[in-house]
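Labels A, B and C are assigned to the chains in the order they are written; within every chain, residues are numbered from 1.
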Amino acid sequence: MGTTAAPLSPGQPHPMNRWTDRLPPLGTLGPLIALLAACVFFATQSDRFLTGGNLSLVLQQVMVVGVIAIGQTLIILTAGIDLSCGMVMALGGIVMTKLATELGLPPALAIACGLGVTTLFGLVNGLLVTRIKLPPFIVTLGTLNIAFAITQLYSGAQTITGLPDALTALGGTFAVGGTEIAWGTLLMLALFALTWFVLRETAAGRHVYAVGNNAEATRLVGIPTQKVLLGVYVIAGLFYGIASLLSVARTGVGDPNAGQTENLDAITAVVLGGTSLFGGRGVVLGTLVGALIVGVFRNGLTLMGVSSIYQVLVTGVLVILAVATDQLSRKGAR
Amino acid sequence: MRHLPMISLLALAAGPAFAADAPVIGLVTKTETNPFFVKMKEGAAEAAKARGAKLLTGAGKSDGDNAGQITAIENMIAAGAKTILITPSDSKAIIPAIKKAQAKGVQVIALDSPTDPAEATDALFATDNYKAGVLIGQYAKAALGGKPAKIVMLDLFPGHPVGAQRHNGFLKGFGLAAPDAKSNELGKPAEVVCMADSFGDQAKGQTAMENCLQKSPEVNVVYTINEPAAAGAFNALKKAGKDKNVVIVSVDGGCQGVKDVGEGKIAATSQQYPLKMAAMGVEAGVAYAKEGKKVSGYTDTGVTLIAAKPVAGVDSKDVATGTSLCWGKK
Amino acid sequence: MNAALPTSPAAVARSGARPGNGPAAAAAPQVLMQAKGLVKRYGQVTALDGADFELRAGEILAVIGDNGAGKSSLIKALSGAVVPDAGEIHLDGRPVRFRSPIEARRAGIETVYQDLAVAPAMSIAENLFLGRELRRPGFAGHVLRMLDKKRMLQESSARMQELKVGIRSMTQAVETLSGGQRQCVAVARAAAFARHVVIMDEPTAALGVKEGNMVLELIRRVRDQGLSVVLISHNMPHVFEVADRIHVARLGRRAAVLDPKRISMSDTVAVMTGAMRPDGIPAECLAH
């Protein structure tokens, strides 16, 4: 830049004098460190923890929440939130199983209907947020109750059993060197990888971040903000449907009372994974780490014979740590 | 047929007067959705219809929603209920609302689980949950046939009195050291190799069983708080190839659970009778409204052990009997 | 959406403008954008009452006016944010009608908004290409829709260097920059994609003295690249420093177009507030 005119760069960025400024975006690294630390700890407490069989189990135990949390991550990235996710998942499961057993629909069609219903709920959420401009918290609080009521009414509060094999296929396993791995686990990992790819490498994915970071800016530069938002809710609904298939596959029944804790569990996984509730920041693989953290603690504490109430306590502490670390590492950047 | 006009006339004459006297009874359950309470409501509705009483129903939003139950009670009293039947979500926190109702002359009867203290309500119609546990504990011990026991216990969640009673009753019936029926602590003798919380939910029961299996693969007895948890435990055992050698016992006696007993998934279950609780409650309400007599004390609504394979020294009924008495979708 | 960024030499080819020192260098001033008789009413309030406007090629035209003078409505009409009720707009000799800011952008008019319209958590390169991302060629780009991040980084770097903005790393998040640097990013984005006009709304308003001067220098460089700049500003010293001509808006119309080299700052303010009537302006102070 050896020109006669001086380069324009007066005005330093804020001085890097706080130690928190030198941290890498802890939002992504922190949860991973926590997960590894937990694994190391539990490995010392029980020699069963680090076995292939046990770890494969943990993956199966988190796969339903994990897939729900992918959809939740997309929504939270746009600075929204979806409180209805677990209930919509339960509804999807009931629709699939009832259609396959009582109406005798071919399993593929029943599954498609279940996915259709959950995606429809996503569409309703999205339309209420984008067209009627209602806050996502309020919209999904309403649809949460509606989905729950429909599930109970449609199922008659009964679990649905006697499912055809095709519906539970994803719960089946295959052996890898002595360890049984469930197909559903692979599906969850594949979905995480796919979402990570789209969010990182495509314009549509970057637009999701942009909308969450500054929706007005995206509007001004010509990005169809409302379409992005609507798309995010619809895709999340599809993910909830996939999660309901995984839930049916894992338990072997259609359970109208499923998904009640998954609402908050999914949000917990997203927050633990370092995604900001204010939108625009976060990595979807962090959500996988967040879901694994919860699963590892539950599994590890049981192996240690510790009461499950401590698992709840630990989760609460971790959530606060996750949000606080994210805030601290960001403050230095301003 | 000649009597028809006469009967209609009588009915017409009796109608308004009859309606004016109809006792109003309120039923407040823990939730709207647990099939146990759904059946209870149905039983109450039938009994009310048969006795000419008017039934109001309400519930909390979820297990533990005390405020929702308080609201339901207040609304029902405002609508004229003279008797309140309640399955309390929080056995202590509901007491002030009960006292207020009683001060207004309303009879309050607890169903299925007691308040704490139990004397706070006029009466209690409930399963003896401790006894329910004892029965399945006895069965499990006999079914094991003298082998050293390795017991996994899938409980509800910490702090719930019904959970504690069934859990400790099971230990007592099995012949192990156990806290008594009044205790809220969960006993853990050495034979119990793993305890985990299932929240009474199938998916969580499965997760809990999987984790316990990892800890103690040599388990041979599984106690479960209710039949959905048992179904989840069975799933986990089946996936691990261990379902044949493990005795699973449970409590509830719902129709799906009895079916599972018939299919060999659950070895034995203690059947309880929500319909009976409800019917007795309605009876008490009608008696109070008509004669002003309140019921009192604790009435055991009965518990029956249902097992496909009977064992020596333990009284049980077969699956067919269980099915005829079960609650839920038959 | 795959707008290929014109490289520096092509920038000169923009609308036939010549990089230069303003209208004085050209033989006859070339009119780039023109508006006649613009009218805009909001209920009872008339924001534009037959406003005229003329922007010449390769100039910096400052638009000043008191509150309620119709200055922001004028700018909104020119940038497509608002559709006038009456009047016509010509760009490069052809009549145009913008129904949205996107249409104005397609016609080659870029706007730098007062609040910058950047996504703070995203990098400079991402912000530069926001909404106009480049995709990789071939299968990766067309089927997988993958972004060409390397090329966007290179192009961003090139644009910034052309404008002599001294930010080294295009991957740092915009929120790590100072206010002045952020303004530079927003200006560079507009300059990179504009083909005719860059409209800037109060670009120095939130900046200190040093950073404000930095942005003014940047504005000159944008003009020197061959773009015309419409500069809305309340800051008289800044206006007088960079503007080639000054458009004074008053009461929903164009009161006068002044020559900053001839008229004093206080007289300009007087015209703006109405203390000096347009017909009272000495002829040599008017821009020709």
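By our rule, a contact is a pair of C-beta atoms (placed from the backbone, for glycine too) under 8 Å apart; a residue touches a chain by one contact, two chains touch by 3 or more.
Keep in mind that what you see is a predicted model, and the values were worked out from it rather than measured.
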Which interface, named by its two chains, has the most contact pairs?
-> A-C
From chain B, the most remote chain by mean C-alpha position | C
How many angstrom lie between the CA centroids of chain A and chain C, rounded to a whole number?
-> 43
Taking each chain's centre as the mean of its CA atoms, how far is chain B from chain C in angstrom?
-> 74
Length of the line joining the C-alpha centres of chain A and chain B, rounded to whole Å = 35
Per the touch rule, the chain A residues reaching chain B in their complex are 46, 48-49, 51, 53-54, 57, 60-61, 64, 152, 156-159, 161, 173, 247, 250-253, 255-258, 260-261, 298-299, 302-303, 305, 307-309
If you look only at chain C, which of its residues touch chain A in the complex?
-> 1, 101-102, 105, 111, 113, 115-122, 126, 130-133, 135, 144-147, 161, 163-167, 173, 175-181, 184, 208, 210-211, 214, 217-218, 221
Residues of chain B touching chain A in the complex | 32-35, 38, 62, 157-158, 194-197, 199, 201-203, 206-208, 210-212, 214-215, 228, 231-232, 235, 239, 256, 328-329
Residue set of chain A touching chain C in the complex reads 1, 3, 5-14, 201-204, 206-207, 209-210, 213-214, 216-218, 220-223, 280-281, 333-334
